[in-house]
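Everything on this sheet refers to the single structure shown next.
Think of it as A, B, C, D and E in the order they're written, each chain with its own count starting at 1.
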Amino acid sequence: MMIGRVVGSVVSTTKAEKLNGKKMLVVQPLDMVTIEPDGKPLVSIDTVGSGTGEVVMVVGGSSARQTAITKDTPVDSAIVGVIDHVEIDGKRTFESGGSE
Amino acid sequence: MMIGRVVGSVVSTTKAEKLNGKKMLVVQPLDMVTIEPDGKPLVSIDTVGSGTGEVVMVVGGSSARQTAITKDTPVDSAIVGVIDHVEIDGKRTFESGGSE
Amino acid sequence: MMIGRVVGSVVSTTKAEKLNGKKMLVVQPLDMVTIEPDGKPLVSIDTVGSGTGEVVMVVGGSSARQTAITKDTPVDSAIVGVIDHVEIDGKRTFESGGSE
Amino acid sequence: MMIGRVVGSVVSTTKAEKLNGKKMLVVQPLDMVTIEPDGKPLVSIDTVGSGTGEVVMVVGGSSARQTAITKDTPVDSAIVGVIDHVEIDGKRTFESGGSE
Amino acid sequence: MMIGRVVGSVVSTTKAEKLNGKKMLVVQPLDMVTIEPDGKPLVSIDTVGSGTGEVVMVVGGSSARQTAITKDTPVDSAIVGVIDHVEIDGKRTFESGGSE
């Protein structure tokens, strides 16, 4: 999985029926050490009630369909966690403002 | 998922039987902030009645088979939505001409 | 899916049993606008009777197994169509010599 | 599969239900010859009791769900082995301190 | 699929139960024209009795599980053939020493 920041959203009226009611967010991948943007933004389905500005964990491929919200759905990316903190080499490289 | 613009189509007479009747479009991936071309065009199966010039959402891998049109079909990319608008950092980076 | 040109073949005597009788071709991916080589050649299983020099459509990943020839077979790439023509921005960037 | 070193961890309170109790580690991919960092760190689910500093084998995609711990779980990366040693061209490029 | 040369092996005592008895080889991907190293080595499960120095065909992703040896196993790469020869543009770019 990778981590990223929720930076936006996508709205589509004409879409696959199974996507009805799904929240389609734009996630900017982040470097796990610097917590700076690293890589191209992508569209990911929210499954945990995440919101703009939050740092989240994103799963890709067929595994993105392994949640109640995304089962049998044509999605290849899902947000499956809101990150509280990331620790690398004994140091916290990210700590959520609200969670501690 | 990624977003892209429908820029063309591919025609094949000799093809896998399950591809009969499928609309094979060429999609140019777009940067979600600048809405400029970014990355190589690919062939994607239309599942939502999209047309040339439209900005669409594209799903890849096994998830491309999770629609009525692409079920059990040898395709690794499907168009699953026509984008109305994209919003990033509170600004609309894309807005469909016809939808608002 | 991507398009490529069939440029060669691979022969293997000692191979997974399910690969017996499969035609293993070498495909050079092509840029869809210039129809020039773009990216690394790969080995792909022919499912449509394609031959050297032809421009074909190639599917990757688990979807490569969604044909009668490749079902339950350890292959991650399959040729699923011979391309008649490619049209981008209203212009034919490729047209098969024999088909029109 | 690739090899990497466990360098950290990620904590998430709000997450997909199936991720409860899973150990989410940060793995830095390594070059198999130099055993130096090579590529971006990623989040991987531990399935073998691995710990910080260890060199591990990581599996990606749907195969990451083929363990008792990750079955039907929205994860696209799993640690499936602790590496004792790597041998390339007849030389040990890596040997675990504790194992021999 | 891609081709590569078997250059080494990985040993792991603490590993996923389903990996017991599997031969974990290190494969260096090769350019199919020059037969020179091209890309990063990876760990791949041998399913055809291949050995060091041999040029092999490697399958990735879920398709790597489509052999009797790798079924339901957490592996994303498998060696499924020993290459006898590769022919590109009418020329043999590789020919196994022992096979002809």
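Structure notes:
Here is the rule we go by: a contact is a pair of C-beta atoms (placed from the backbone, for glycine too) under 8 Å apart; a residue touches a chain by one contact, two chains touch by 3 or more.
Everything numeric here is computed off the predicted structure, so don't read it as measured data.
Distance between chain C and chain D, defined via averaged C-alpha coordinates, is recorded as 34 Å. Distance from the chain C centre to the chain E centre is 21 Å, each centre being the mean of its Cα atoms.
Shown for chain B are the residues in touch with two or more other chains, namely 61-62, 64-65.
Chain-to-chain contact here is organised cyclically: the chains close a single ring, every chain touching exactly two others. Tracing the ring of inter-chain contacts outward from chain B, first into chain C, gives the chain sequence B, C, E, D, A. Contacts from chain A toward chain B in the complex involve residues 7-16, 18-19, 24, 26, 40-44, 61-62, 64-65, 72-77. Every residue of chain C that touches chain B in the complex is listed here, in rising order: 1-3, 31-33, 38, 47-50, 57, 59-67, 70, 78, 80-89, 93, 99.
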